[in-house]
Structures are given as C-alpha cells and as structure tokens.
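Consider the two complexes below, in which subunit A is the common component and subunit B and subunit C are the respective partners.
Right after this comes the complex of A and B.
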C-alpha cells in the first residue's frame, strides 16, 4: 500500500457527486421553497384562496407608494447602523476592560456575556416592564432626583426606536465582547512588549498593534450585527409591536403584519424579497471591504 | 456563530464520523417523513376521532371532556392557541388541506379567520340546516352568516363598557356617571382625588379601539342604526359621519384627565393591574377583563356599566358582539362527528360551560344561564336590543381596523390627527374586500 504524499492528498478533490445528497436536501428544503416563495411576490395571493393572479411588479410599485413600508425600511437601516456602531464600540471597550489584569475579570466576563444567552423574547418582555411609565428605569431616575429624565420610553414616538436599540445593545454587547476578547487574546504578548520597548504608549500600541490584529474579529462582529440588525423582529415585536403607530416598525415586523394580520401575502413576500436583497447587498459589500482591510492589515 | 468556526482543518477522523452520522440522520429523517402518512392513518383510531383547533384556551377543555363523556368511544384531538398564532396557523392548514374538522372562526369579517373570509373560498361547511341556526337572534345572524347561509356556531357574546372597581369607587365617594357631562365631571373629580378614572393600556394596540367603539355605539348608531348598510352602499363614510364626534369625545376624555398618565407606555397587563389594585377607579374594556381583574384582586368587586356619550341616558348603546365561534371544515375527515360537536357547543350544556368559563353571555335565549351579577347591565342592554355589533365585524377587509388601531396610537403620540385617521380609514374601506 502506498501512501499519498501530504501535498498530493491536499490536491485530490472528492468526486462532485459526494455532494449530491446534501445538495438534493438543500434544494428540497431551501432552494425550491424560496424560489416558489419569490414567485408569489409577483401575485396578489391572500394566503388562503388557491386562486391568485399574476400582478407583475405591482407589489413593488405599491411599496414605493406605501408610506408605512418606506418608513419601515428607514427604521430598519437606522436600527442596523446604530446597533452595528454602538454594540461593537461597547463590546470592544468591554473586551479591552476584561482583558486587563483586573482581579474580577472572570466574574465580569460571565456577567457581561450573560444577557446574550437569554432568549430575546424574554429580554424584551423584561425591558418592556423596566421601561414602563412606572418601571424600574423611571423609578431609578426619580430616586436620584433626576425627575426630568423620567420618560415614557416605549410610548413616545421620538424615543421608542432608540429604546429598542438600547435594549438590543444591552443584550448583545457581551456577545461582541467575547469575539473581541478571543481576538485580543490571540495577539502575542511579545509584540506588545516589543512595541513598548520601542517607546509606544498604550494608545499607540492599541492602534498600531492590537487593532490590525483584531481585524478578523471586527469582520465577524460587524457582519453579525449588521445582518442581525436588518433582520430584527422578536425584540421589536415584543417591546413595542412596531408602535406607537408605526414608529418602530421594521421591515420584518411589517412583513409579519401584512401577511398574518392583513392577509396580503403577495405584498408581504415582495417586502421579504426586498429585505433579502438588502441583507445580501449589505453583507457582501461589508465583507468585501472588511476582508480587503483584513488582508492589508496582516 | 457556529462552532465550526473554531474547527481546524484536517481532523479527518472527526469529519468522517460527522459526515457518517449526518448522512445516517438525514436518511432516518427522510424515511420517517415518507412513512408519516400511512402511520397517521393506521393509528388514528378510525372514524371515532375528531380533530379540533380552538382559541378558547381554558374553556374548550371542559367542553371536550363533557363531549367525550356524552359520546363514549369518541376521542377529540385538539389544539389551543392564542388568536394571533391561531390565525396564521389555520390559514396555512386550510390552504394545504391539513386543517382540523372543527375550528374556531370569528364572526363577520375583518380578521384573517373570520366567517366571510373563510366561507368565501368555500372552506366552511354550511350549517344552516342545524337545529340552532334559525334560533340565533338577528344581530348574531348578521355575523354568523355569509350570503344568507350560516357558517359559524357563535356561542357567546361580549360587551364593552366601563368596568368599575367598587371598592375604589366607594373610597373616592363617586358613582358611575350615566351622561356625557357627568362623565367629564367624574373624570375631573377622580383626578382631583389622585386616582384617575380609567386605566388605559394602549401600548397593546388592540386596546385603543375599545373606548372609541363605546362612544361610536351611541354617537353613530344611536341616530342611525342602518349606518353599516349606508357605508356598504357607499352612501356614508367615516369622515362625514359622527365618527368625527366620537373621536373628538375620546380626545376630550383624555383632556379631562379620564386616563392615567402615559397610556402609550402602559400595556394591557399593566392596565389591569391599575384597575384591579384601585390605582384607577376602573377600566374601559370588554366583560372578559372582569375575570382577569378578579384574578389579580380576588377581594375586589367589579361591575360593567355602559359608557355614556350623550346627555340622554336612554340613548346610550353598548357595543356587544359574538365572540369567536366554531365552524366545520368543508373537507372534514369526520363530518358527522364534527356536526355533533358543533351542536353540542350550541346545546344549553355546552353553551353554559363555555360562557361561564369565559365570563360571556350565551347567544341563544333560554339556556338557563346564570349570568355574573357584574354583567346585569349588559344583559339588560342585550335583552332590550340596545346593543350594536363591534364595528369592525362588518368592515370589508382587515386593513380598516389595523389602520384605526395604529392611527389611534399615532394620535395619542402626536403623529397624526383625527381627520387624517378617518380619511385613511375611508380609503381602506373603499378598497373593498
């Protein structure tokens, strides 16, 4: 029996038909239903009546005229961008903090990560009470004499969207922290020491040593938060239901309402197609930019 | 993020094992999926099994038990769920042919599982020949029928009004107002005593409509009982009708301090807490809230009264309507048993069990039902024909109601005006079914 050399083994590609079972299954449960789903975006199907007519791009044209849809797309983008920025900034700061030599760092890591393992719907119901007019947040402001800070956080059209963002950052900053922390711990201590010997201060060391080596962690974190932010549904639905009025409706909550409350399945699927396109464009674009800077950094 | 992210390349043994396990698992799943059909048919117990999907959580269980007892050997396989979840599930089941024999169906139109919506594409069996169908009062017939045929076994009705916490009222030394002028004075007095009149939890948007419906009943339908027919014929619209007056009165109540602070941040649950604990004197809600208030404050006494909207107490009307009833699947696997179950629901025994548990009132007369004393006024209004159906039950599509619900939230949060809301509702109404 002759053993192939490692180099030869690496070049051997398995026969393509090895993929067939997985591919078939994937086609059966993902590709075919999705394609069929997309077809309905061009119909006026109500989700119930087997008869429907083809309306071409009618649903997409309606979307442009539908103030609620335009507003929901705007909210989705605002939420995605602000979550991506704030969650990662907070996550990075927390990671830097618990990566230092402070004594309680292990306990802190656990506490800071804990919210991320709770189901989003539970978190949302918890915060719905905490942010209520007589909830803990307002009581706290009252107790420390900041009565003017007491607000109807989820009931005010101006504040509700930001309250939703704050709750999501609270829940997932620890998640970003863990990924940054893993990146930070892979930065070799020697590089830091060498930089310190060369006279670099802490800020310079972070910028020139840590930051470039964290590039993969940035890529993952930014990708995850932007996709999560665009698709956001459960937290918004449980916290505000998209209200007051449509002040916190996102594409996902609107898709749900249009389909299951109003029975406008065709229109709702058209919205879902738009959502898919936004996610695809945002994530591919972001990936291209970040992986280029990742390569430049390494 | 998947754990695969942390895997290193080249651990061939692990990968191979994993592939084998995955392949085996996939095969098992596929085989199980293929054999599913026969298995269900073989193990279903023949034609002695009835399938049922219901939204009557907490009350249908007792009916099922009684039905099984009355029909030895019969097994009812049932599922219960909340209204939102149910409405999406039943549509999917009906369009894929997997719906149960008997299912909850809402009266009239205006929601995804309402009588008109399901009867129109032929999903419901005609129940007109059943013994109870002819006995339904006219107000019930209008929402249980579609094009003159009965499709919905509506068993209970609910009313909306001001539910007062008697202890809190006694403490404040106030009595329920029966005219509009007295209502505003009542609100101001209550506020002066530091206990707002009514809890309003409109963070949950369905709650926004209840006060408005109470006011619309008297202001719109008081002068014109045929308002719906005129709307349907295109001879009336929301904008140029007393709906404007009703909306103004809703906002006048808000201005007079009838509701606690920050209603938009208060949810349904929190509003019950306020009324049950006496932090407000009452709550404007459906009669179903009474059982919930008693659950939160078992010592409390709660009474439902009509909400006045004019200064003539005899002109006051209450919005009262059938709640969700039961329909029979047109393609039921066991039609005889399905009809038997629906007829049991409409029998005095079934009807009394359901209504007692739900705190509602029976739709058929002479069932020997002992109504909760809290509902004396509602029963009186029903008996004397001083009720009108919930407005949305006769609207042509669900969008009108959804526009109203989010629009009311927008008015309360300063994003919209009553004129804009009624205009939008007219647009949606005219879009038809």
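Right after this comes the complex of A and C.
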C-alpha cells in the first residue's frame, strides 16, 4: 500500500513527437493550402501561371455584382436550411416508429439506414432518371390516376431545387434516424413509466421526458445536416449540373465551374472563402445555441 | 408500452408502407438494369424478359473492375494511415495538459470547420508540381490529412474518458512510451477505432469531388468518378447506366448487410465518442 502513492505520482507523459505524423499530414493537406487559398482569394490567379497580381477585394466586389454568385449563395442557404428541417423531422419520426413495439423494427432499421451508406453520386444518377419526364415517379403518379402531378421535376426552375432537397432527404433521413434512435434508447424505460403513472400522455411524455434527453442527438444531427447542406456538391452535379440555367447552382458547384471550366481560380477561391465563413458562422452559432439548450436540459 | 395493441399494428403497417416508398427507387433500379433496351414500357412495370446482358456490357465497357480495385486501394491505404497517425497523436493531446498540447488540439479542431473546397484548389497545384495528379497516391495523401481532425477528435474524446492507471503501471514496469501506447493504450481504443474505421471508410469510398479533380483524364479512376464518366458517355442508354449503378452499389450493400450491426453502431457511435 505504501507503494501506491509514488506510483500514482509517476505520470506517463507521452512525448510530443507522437503528434508529428498527423500534424505534418494535416498541415500539408489542410492548413497550408487553406492559408494559401485565403491569400489567392485576393489575387487574379488563373491556376497555372505562377505570376499573378494582387487585386485586393476585387474578387469580392465582383461577387456582389455577379447575379450567379448571389443566387448560388442563396440556394446554398435554402438547401441547407430545408435539408436540416425536413431530414431531421423525418428522421425523428422514423426513429420513434422504429423504437416502438412493432415486430419489424430491426429489419426496418437496417433497411431504412441502407441508402445512407451508398455513394451519393450513384443515388443521384438513379434519381436523375426517376425524376425525368418519362421517369418512374411520373409513371407512378400516372398509374394511380394523378396525371396532373406529372412534372419535369429537374427541368423546371421552380421545382429543381426542391427535387434536390427531396433526394437528399430520401438518402439521409435514415442517418438522422440512427442517431436519434441511439438517443432514444438512452432514455431509461423507468422514467417513461414514472411519467405515465403520473398521468402524462404520450405527447406530454415525448415533450417533457424524451425531448430533453435527446438534446445531444439533436446537436449532432443538426450540425451534420447543416454543414453537409452548405457544402453540397455531388448531388447537384449529378442531378442537374446546377441547371436549368443556374436554378440549382450552389457555392460548391460554382466554385468547381469557375475554377475548372472558366479558369478563374482567384475568383473561385474567393467563393470558397465565403463558403468557409458561412460554415464557420453556422457551426459556431448552432453550437452556442444547442449547447445552451443541452445545459438547460440536463 | 411494450404490448402489441391494435395501434401498434397500425404503426407497423404505416412503417412498412414508408419502407416501401423508400425502397421504390431500388425496385426501379433493378427492373431497368435487368431489362433489354428494346423494352420501352413503363419503368414501373416488371420486365417480362430479364437479362444479364446490360451487366456484362457495363462491366466490360466501363472498366469497372479496375475502378473497384482503385477504390479498394485508396480506401484501405487512407483509412489505415489516418487511424494510425490520429490514434498516436490523440495520446499526448488527451493526456498532456500543458499549453502547447491544448493549443495544438484547438488548431486541429479548426480543421473540422474548414471546408475542403478552400484547400483543394491550391493543393491541386501542389499535387501537380509533385507529379501526383492522376495517381491514386494523390487521393491517399489527401484523405490521410483531411480526415485527421475528425479522427483525432473521436480518439481524444474517448481517451479522456479512460483511466490512466494502466498506462502509469506500464511505465513503472519499464515500458517505453511507444511500447506503452502499442501494448496498453491501443487495445483499449478498440471500440472508438471501429467507429472511426466505419466513418472514414464510408467518407473516403464515397468521395467524388476530390477524385474528380485529381484523377480527371487518368485511367486510374475510383468508382464514383468512373460512374460519372460512364453516365457522361452513355447519356441516354439508361439500361446500361443502371446496370453500372447496380455493379457499383452491390459491393457496398454486401459489406453493409454483412456488418450492419457494426456499421450502424459506428454511425450512431459519434454520439458517445
């Protein structure tokens, strides 16, 4: 027993060089290029020519005048907010359904999550066909007598953005479900029973017992969907290519086009800086709000 | 609450109906991939003459076997590297309370917020100068660095909740720090390693933007880029395209259904990690 106290004081301090490989990779791939990116945003760099000149805020001033860029920023925000609301609402309902006494709950959980592991570009190409004028969605509406619902979903400037949102919700609602489900399963059964004994109905039990304990699941789900929505590229690229016209262009698709089809790397990186600012504001803002409500709940 | 009541049956039927809606695209995918191009009836009518012809054509003309091999190579190498370096780095970051350790950790967490679009264009230039463009190694290098912040974050969170007594005992018994890490800490990290493995593997496998940039025009494409190229080439030949989509999905779904418990827990595990 006398040996215990010197033993406790002999702390293992892992050496700093354990961090070296990870930090080198991180610096090479993320930090240094990001810093260079911020610098290039103030130049007219074309991506090839090492010579470039400093243009100050020129790229950002161009952006304000560029209707496509302003629209793309707006689309990015609309998509991120819609996905966040719809995907999490659907995911929560699915989680409540799968967390009930139904017999198919295990099969359904595995089945409903499956789309989330499939490559987004692949499911997006599938949906491009399904949503086409002669696609399966219109055929289905025709078959059940809803001919007036038939639309050119991706070819219409009014509908295409919502079609993109629907495809993403289809793919990732199961992801939200799985995270909510983990939260639901952490709610002890006894707490529910106690509340029921006290006369609380199912809605009241959900609101007063389940919801506060789901706070960590909400934090993760909202974070994932809003950041995923802001960075969205693959599905727009495959479904509409940003079209019709620029009706579905997001910041990411515009960054890609400006850099690789127009050769305007400086301008494209300025758009990436705006994207970075939006992600930073959204995630810190959300984190602040949600961690306050998490503290309030606990 | 756990009894099966008439309301439970209604819920059960409702959930199954929802699952059918979710599964509808998969049915159409299989139906179109399996029918000959001459069949132009409604896409929702099951085909009367199923064929495997589209699959053999897609496999040969799309060079999908090579793409599959490239995807496996890139995913396996990237995930192995990122797990190894991140677990190692997380050890001092979680255990040392000195200032340099805390500020380094904050710097790494900054990487969670920086979108890869910002770094990918300047990095494109660096990869070109190094002659790595068009090779799978550009992707391995990229993912190994890009996934560091998230993976370190998972490991540090997990390590901070672990008691230090075993490591201290190992040190007293004369282990070097590296031995202590290898034989004492690493085995305890197994649960979070499974989570990190699943999430990183899915992220790397499914990535499209980076290989689109770094591998365009090369013959060493990963599956997502090969599929995009295939769609671009056979624009309206949807039966053939659908067969290619099925081929690219099958290995993923096969792994998913075999390891579904581990994979679903991995995705849900971010909650506890």
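The rule we apply is simple: the second predicted complex is superposed on the first by the 272 of 298 C-alpha atoms of A that agree within 3 Å, B and C clash if a C-alpha of one lies under 4 Å from a C-alpha of the other, contacts with A are read in each partner's own complex, and residues count from 1 in each chain.
By our rule, contacts are C-beta pairs under 8 Å (C-beta built on N, C-alpha and C of every residue); 3 or more make two chains touch, one makes a residue touch a chain.
Only a predicted model underlies this, so the values are computations on that prediction, with no experimental measurement involved.
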Which superposed partner A:47 touches (first subunit B, second subunit C, both, neither): both
Subunit C versus subunit B, contacts on subunit A by residue: C
Which of subunit B and subunit C A:155 touches, first, second, both or neither: first
First (subunit B), second (subunit C), both or neither touched by A:25: both
First, second, both or neither for A:260, with subunit B first and subunit C second: both
Which superposed partner A:220 touches (first subunit B, second subunit C, both, neither): both
A:245 touches, of subunit B and subunit C: first, second, both or neither? first
First, second, both or neither for A:114, with subunit B first and subunit C second: second
Touching partner for A:183 - first (subunit B), second (subunit C), both, neither: second
Residues of subunit A that lie at the interface with subunit B and also at the interface with subunit C: 21-22, 25, 47, 129, 134, 179, 220, 259-260
Contact footprint of subunit B on subunit A as seen in their complex: 21-22, 25, 47-51, 128-129, 131-134, 152-157, 179, 220, 224, 240-247, 257, 259-263
Residues on subunit B engaged by subunit A in the complex (per definition of touch): 1, 23, 26, 30, 84, 87-88, 91-92, 94-95, 111-112, 117-118, 120-121, 123, 203-205, 261-267, 270, 397-399, 402, 406-407, 409-410, 412-416
Complex interface listing, subunit A residues touching subunit C: 7-8, 10-16, 18-19, 21-23, 25-34, 36-38, 40, 47, 94, 97-98, 100-104, 108-123, 125-127, 129-130, 134-136, 139-140, 142-143, 170, 174-175, 178-179, 181-183, 189, 192-193, 196, 216-217, 220, 230-231, 233-234, 237-238, 251-252, 255-256, 259-260, 265, 268-269, 272-273, 275-276, 279-280, 283-284
Complex contacts: residues of subunit C adjacent to subunit A: 1-4, 8, 11-12, 14-16, 18-19, 22-25, 28-29, 32, 42-44, 81-82, 84-86, 88-89, 91-93, 95-96, 100-101, 104, 107-108, 111-126, 141-142, 144-146, 148-149, 152, 164, 167-172, 177, 180-181, 202, 205-206, 208-209, 213, 223-224, 227-228, 231, 238, 241-242, 245, 248-249, 252-253, 256-257, 260, 263-264, 267-272
